[in-house]
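Submitted below is the structure of interest, expressed as structure tokens.
So that you can tell them apart, the chains are marked A, B and C in the order they are listed, and the count of residues begins at 1 in each.
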Amino acid sequence: MKARSIAIAILLVAACVLPFVVSNFRVFQFTMVLVYAIVLLGLNMLTGYNGQISLGHGAFYAIGAYTAAILMDRFGAPYWLTVPVSALVCLVAGFLFGLPALRLEKVYLALATFALGVALPQILKSKGLEHWTGGVQGIVITKPDAPFGIPLSADQWLYFFTLAVTVAMFVLAVNLLRGRIGLAMVAIRDHPLAASAMGIDIAMYKSLTFGVSAMYTGVGGALGAIAVQFVAPDSFTAFLSIAFLVGIVVGGLATIEGALFGALFIQFVPNVADQVSKAAPWAIYGIVLIAFMYLMPGGVSGVIRQAWRRKNV
Amino acid sequence: MEAFLAQVLSGLATGGIYASVALALVMIHQATHLVNFAQGEMAMFSTYIAWSLLNAGMPYWAAFFLTVAISFAGGMLIERLVIRPVEKGSVLSVVVVFIGLLVILNAVAGWIYSYTVKPFPSPFPAEPLFGAYVSSHGVGAIAVTLVVVLLLWAFFRFTPLGLAMRAAAQNPVSARLVGIRVGWMKALGWGLAAAIGAIAGMMVAPVVYLDPNMMAGILLYAFAAALLGGIDSPVGAVVGGFIVGVLENLVGTYLIGNELKLTVALVLIVGVLIVKPSGLFGSTTVERV
Amino acid sequence: MAELLRVEGLEAGYGPVPVLHGIDLALEEGGIATLLGANGAGKTTTLRAVCGMVKTRGTIRFQGAGIEKRSTEDIARMGIAHVPDGRGTFTDLSTEENLRLGGYVRADRAAVAQSMEQMYAYFPKLAERRRQQAGTLSGGEQQMLAVARALMSKPRLLLLDEPSFGLAPLIVAGIFEILRTINREERVAILLVEQNAAMALDLADHAFLLETGRIVMSGPAARMREDETVRRSYLGY
């Protein structure tokens, strides 16, 4: 698809030029867009492609974020190390979580993950973990400066670092999802009985998908923590998980490019809506969730693909 | 010993609330095979409606019953307008719509009433009537729960409409064959669930104070109770509710501290789903391949 | 005798799979017709189509009114009672509750109670088990319950889908005898789908033979009974 390659090239060029033409704050905002894109890629893998509904992915985001914060604050680790470590921690955590989750029907998995999302802030605030998590006050970390004296602001450097990680994660996702693995995941989602009859090891696929999905979200969490320079329990409420759900619904379930559209939506819409009223962003989210299910179940990606197909007919 | 008794009794009082919300969840699940993630927010919104009526000067019980009636109608409307279009869709689209409903109700409540916490009156006297073990409101809440449960039981057991609703829930195809309008039975189920939720909300608000996020934790406990009792068993919901209430209090006081109470609900939910998904009173259904 | 049911050019199927390819049949008031055919011929689909349970093309007229676009519950309220294959009993409810549900659409509570007593008279076994959970009844009793429930609505037309399925011949004979009585005394028309062709042709006035979604033969039951192809393929001799 030549058109797709051209679009991606234009996007990459624009992404590289961006930090030099906007303010530092905007650069931070776009860094968060990239962070959310990675997260949504992860969630979409699990829920969109594989049909395992998670309403609690904020938990993996929190694990990634806290891992990064604890590594940097308590162990003085360099910022770039937090990404692979968070990835590994969340991969394992996700896989372990995926094992019991295997036996749950879709709606009950949604319920269990919903419960996790609601209970999470309390767990993070608990006295038992306070020594590591900093309790209610959380942990403050500092953004790294550009290395080797490169003339970039801290925000710009972090943006490019995040961009590099994002590109890598997208490439990995494309390789995973466009081939046999992606087909197997979708087969498990739509016709589990037929899939297992065809020899697909459902248990392994589902647990691995959970693990990889958590890994992506955890990487996003780590990068997000560094960008925001702060982790605290109240940043990771059930509403964070719901925002991720909004992201993949808006972007397009079971699409890769949808992660980007969804990320742009959940980063910028609240900023604009907030100015109307504190409740407005969530009213919009709620309406969007319902409206998209009725009218645009394929999300923005779906609309674009349909339009493209019609143009080419 | 006295402290223990006090914990048990107060656990029963909160358990009554959980039982009510769990009953609403079970009712909707029985009628439509759907898990109502928005049940808590519906109850919260109903309680705000009651608050508005009370604020406008209406006497308590008038406001109470009017709120129940409005909530009943609202529940039916939500089923017909919001849920009906996606009912037959994928599990994911249904869940997404429910979350959307949850979020909208929360946001609208926050927008209309602001996020500042408001006090909500209790119809029961302030002085404890039964010694210092449990407040009058606690006893009153338990009593209200039991009355609601009794009325529902009588409705389903003895009235033709109740029978029709049971039939529609168990076997919609056969129900249609005898002329039952199954769609309206589902709407009625939602109406009843909304009404019960409203009552639960009005019973809990005096204790935890009214704010848009009031029901989040309670919904979790109600889910735990409904699953523990068996997601299709009304009796299970009620028993489960009381068990969860007492358990929450005892574990919170004697084991892990009050700050981790929600984790109890989480552990219960995950535990029941993994170990015995049909709950205490439910029956395991065999899926036809 | 007035015409009760007329089906013309009925096509029906499940999703993309067509099952009926244009069926014509008619039934007069108080008549008994049987729909015969092998498995998969489309007999159950025909009954389901009449009740609005599948998507159809073509016309279905009941007492002169077109019902092909009506919902199942509306059709039930118009006076068509369907005893589906598998019986469709409310297995978690009691025998008595099942019967009461049969009379759901009737407004006169006293008349419904009377009908229930009448059903107990036709089927004494059900009277013995009136408080028992319907799912625990034997196969024959559940079939009786299904028929009784259908009759509780005082229908003009009774649709029966394989009532003999899985039942001992003696029990089937008993049920068919009651069908005969009810047809005679209450003038209830019956459209009977049956694999047991012998018993069906014995009960019915008129018969239709269905093969892969088309009516290939129809006529008075007596004549069909003598027909060579019918004898060979469906009567076994």
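Rule of thumb we're sticking to: contacts are C-beta pairs under 8 Å (C-beta built on N, C-alpha and C of every residue); 3 or more make two chains touch, one makes a residue touch a chain.
Here the structure is a predicted model, which is why all the values come from computation and not from measurement.
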| item | value |
| --- | --- |
| Contact clusters after notional removal of chain A | one piece |
| Identity of the chain that, by mean CA position, is farthest from chain B | C |
| Interface with more contacting C-beta pairs, comparing A-B to B-C | A-B |
| Chain closest to the assembly centre - both centres taken as Cα means | B |
| Rounded Å distance, chain A centre to chain C centre (Cα mean) | 57 |
| Intercentroid distance (Cα basis), chain B paired with chain A, Å | 32 |
| Approximate Å spacing (C-alpha centroids) for the pair chain B, chain C | 43 |
| Footprint of chain C on chain B - complex, ascending | 160, 163-164, 166-167, 170-171, 173-182 |
| Residues of chain A defined as touching chain B within the complex | 47, 51, 53, 55, 100, 103-104, 106-108, 110-112, 114-116, 118-119, 122-123, 125-127, 193, 238, 242, 245, 249, 253, 277-283, 285-290, 292-294, 297 |
| Contact footprint of chain A on chain B as seen in their complex | 34-35, 37, 82, 85-86, 89, 91-97, 99-108, 110-111, 115, 216-217, 219-220, 223-224, 227, 257, 259-263, 265-266, 269-270, 273-274, 277, 289 |
| Contact footprint of chain B on chain C as seen in their complex | 51, 53, 71-73, 76-77, 81-82, 84, 88-93, 97, 100-102, 104-105, 149, 153 |
